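Presented sequentially are two complexes of chain A, the first with chain B as partner and the second with chain C.
On to the complex of A and B.
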């Protein structure tokens, strides 16, 4: 099978960017998503992970007691993933979720009202500052939200639900897409 | 005479006329009108027919409590029945139709019920239609439903969209009258996050109907100025056209926003209604008070209206109620109306004040009669006169409009939605909200404060106090100076009007009159909850907003007790009706529920798969080929091909859990009933998970990928449940164990490659040696593919009983790898197969699923007794597996079943009867848990749970389907129908 051309399919390959002055939705590259399983209460975990990330802002995101995601736009090779996993142990374990999680960016001045149609989380800047992350329901779908800017969020969702979540977000954005 | 539009005045925009129709007749109103004010402005008094007696009805109120003026508006899918004309904003082209009449509103055959009214009192249906019983469902109920009437829903799909939203605030203010505005201003200026909810299109509440001056300006100007300031504050959100309908745990309030119910054609991109869930740190109820009707004869004749409503139509909408107006009042508020009428040139014919000692300093021109009542009103479709009773003397006064001012009931509904009961106050002559509500306070007239200035001050003060509790420090809005406000202190209620001759209605919407309540008490239904059911008082769309308090007062008088002793019925959401569309939100049609797509979904679709919903997953059911006319043909082909050649099946939706940690082995050893402590690295093992009660919970394989890293697969159905179970075990049962868990179900595209050619096909893409020695049965390893271009996980496990592997690759590469395998397998006859063929293959091998693991099956029942360790010190379920009931030899055990005649068949769910036993449930010996046609056996085969089944192989039985009355002679047998020695598995 040496002549076989191996290809990678993005979960949201058919979803084009939606943009207006009020709102923007786009699927992000399926780079890397590492779920880090640390020990709850480990005070040094986040700092260690920051050093292992690609250095981009908000690359390390809290995901529950002792757990974080390390995310980035660039795909990691098998060897890089193995090295990362090895360097985490024994204090923590890394689970590659790069193909299992899909990231969507939602931005714009109406991003909070748009997301409020789906999630019960108080997303006001004072309550949910830049860098804050949580797991929550958006409609019927569980997702991981991170505020990456005053008017920008990244939403990470299980691959199987990515298309449904995109459809939901597009519907929730519809009134803001009419400039 | 009729109501009419005044030449000037009101808050309507007279430069913007709007055309609309009522019962097909073209009419004109103005922007700013409600449908009710526009109809009154056109002189329309008769707007509907009552529910039971089909009596002519007009408009009673100007707000949410309207019981009479219910109409159907819109057309096609936008038809909306029971719309309150008082709450519907007028728009160009609005089509309104009256309800509950035939053939027309003016001539309604149903009005004959009025002639029969002496026989149609409360309880009539219960007493009359008891016999013969079968006719109730077939004749009486359909007839009554047809005759009784609210509107009819449309059968056309609603073209509009609805949505739900969450909102959060420091202070939620419900109501935008003086108290609400003061609270919002106080909180808004302090920087608190404020949400102000107002159910009408314009904020201001009763101030919009006022003639008083505030700070030297008309009250309406004060409202506009205040709203402008609130609009300038970024921390204040105003939700107009929004009704707060419920108060729920966690200080969450439900509210319904009518986003586009006031426009001719809604914008497609916006919802027409939005259901809000507002999480408030604190909330202030400034919902005002509802004016009470008075219960005299003919109080429902069109032209009789609440006094406060009459002020609203006069001052806000520029509509006069008539030319000969009378006022019947129990308190000072009636004089405010008299003053307003006179300001518009309408001198009331008479003011009838029930108080003998009334001392209001009225300076107007109207004749005032104190210590008197209106005992009856006369007229058919419009009011013509009233009878005034004073000191036993009656006087008839010709009028075309009558205002009722029976005092006020605070609108406390939301404060009682979480179980607290209202409390009667003799001093206030009203039911009040209970005290000590957590997170909620009341201000203004809902808290019995009277007068604009006092309400404003109360709102500011209460807002300050609430915000102080959450450490938001405020300065109260400055007091306002009010001129011309007629402050009405509470007056003694007038429940029973003396001298009544006609029907005196208590509940207008349900046609409950005073005698109905007397009858309820007389017949033993005097308890407030019983009286409600007996008479229907307080039911239907208005839920007794106007009627309940009068009903309670009348019940109290009839029983000789205080209203406090009678109490109220239970207050529950919703305060006003909420559409099903809003409750469903976006969850209908395409968006009914999320779809979970396998990474091989598009691959399967390209190959023509027919999909089946499995939970939220869409699984490939089978892959029909040209010429195949039934699903069975396709499935038989796929089954035969797997056993003869090879097949590829998408199993990505199986649950997958990564289990890491120093104590992962010990953890698994406690979770599973069989041994896992010594599972070697690179090997998989079938595991059985029990519940605490000893029954099987789930099964699956777990592989040891490295010393401290395991990979568990679960059934598709129980993926989330098992994950939760493991988390519970790790976090609660054994927090001392070092175990970390992560679901990786979506990370992997997983495919089963099964059949005698599977190894040869797989070897073309897997770099490692897959020979039986190098990769034996139950081997489980990470493998490189395509010369190292990709890495995946390979497991030699089999659900089909064939030589089989499951290959997991990163999901994004799933389609490509599946295509590579199909290409490589083409020479070997590979075909895709779906979940139907998978099911046939597993039944042939006697492999169980949750059809058999039904929650009542033990390991022993299913032939897995040896998988329950007798030597492990502990595992979940161990304490209970030895219960006598779980080892009873009479228990249902897994067995195979097949028809004696291969040409006959049976269905899953059929029951097993001993041969020649009568077909009764007493003789039931078990049931068929799974069945399928096996192309290898040449007949239907099944798995069944049958009493002592394991020891009854070879016994002839009857397979009985009681629902379809099918009887199939069959034979119990070994549950493994194919390759019982498992020779194919190990090649």
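On to the complex of A and C.
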């Protein structure tokens, strides 16, 4: 037995919501994140995964050829994860990343200029429509970006980088928070 | 070095997102002459001009690409997926 108690806590526990009229930054609940590895070029993968997700909009996000993330705000039990993993096979494999990746929501009319300070991806609505997702560098940190609304993005990042990315995003948002 | 690299899956991305492995060569047959293997494993041409290289989109789609780059001008003529065989032309 360990001499001290291991307590589970959110990666972005101390990060309070930053809000202004121009920008909003908040840590999302650490529900479930499942990385799905399928066959590149499988046209039915996304449709199949959507049926297995919790049904919320943009629960399934593309992450490169044949790969997707299934995300949601509710924690999945071990049995639910085992069921999901079994139903994915044999066409695809699922890896539980719920404790490995953290989601941050960035929203507001100035969200595009804010993110453009850190990433080279063209975030204009015509090039990056709602529902589009990709992995890219934000500063020095690789993060997964999803557009969930005209002025809303979700940023998913490896847990160990979450605090550092939050600090970067807060700094990138600083000029839009002064009102 | 080219600063924007066209990825056939992700579009144009900064080179900081990539890892370069080196020349993309045709692998000799398993029973090929030892000299051919020596050439393949150790010897490189270092040409001035167009050059096929393996690039890995490490901070993006994590796929291996073959990027055709001019070593003198740094212009990228084409980039394609290395494994899937889908002939992806260079994207802007």
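General remarks:
The definition used in the following text is that the second predicted complex is superposed on the first by the 172 of 179 C-alpha atoms of A that agree within 3 Å, B and C clash if a C-alpha of one lies under 4 Å from a C-alpha of the other, contacts with A are read in each partner's own complex, and residues count from 1 in each chain.
Heads up, the rule we're going with is that a contact is a pair of C-beta atoms (placed from the backbone, for glycine too) under 8 Å apart; a residue touches a chain by one contact, two chains touch by 3 or more.
On a predicted model such as this, the values are computed, not experimentally measured, just so you know.
Taking chain B and chain C in turn and counting the residues of chain A each one touches, the greater count comes from B. Of the two partner chains placed by superposition, chain B and chain C are both touched by A:120. In the superposition on chain A, contact of A:97 is made with chain B only, not with chain C.
Once the two complexes are laid over each other on the shared chain, residue contacts for A:177 go to chain B alone; chain C is not touched. Within the superposed three-chain model, A:18 lies out of touch with both chain B and chain C [touch as defined at top]. Shared-chain residue A:28: touches no atom of chain B or chain C.
Touch criterion met: A:163 reaches chain B, while chain C stays clear of it.
Residue contacts after overlaying the shared chain place A:130 against neither chain B nor chain C. By the touch criterion defined above, A:52 lies against neither chain B nor chain C after alignment on the C-alpha atoms of chain A.
Residues common to the contacts of chain A with chain B and with chain C across the two structures: 120-122. Interface residues of chain C, counted against chain A in their complex, comprise 4, 9-14, 16-17, 58-63, 81, 84, 86. Across the complex, chain A meets chain C through its residues 40-41, 63-65, 67, 120-122, 134-137, 142. Of all residues in chain B, those touching chain A in their complex are 161, 163-168, 193, 267, 269-271, 277, 279, 586-587, 590-591, 593-599, 602, 617, 653, 658, 660-662, 708-709, 740-742, 744-749, 764-765, 786-787, 789-791, 810-817, 820, 823-824. By the touch rule above, chain A contacts chain B in their complex via residues 1-2, 4-11, 30, 35, 37-38, 66, 78, 89-90, 92-93, 95-101, 113, 116-117, 119-122, 124, 127, 139-141, 158-165, 167-168, 171-172, 174-175, 177-178.
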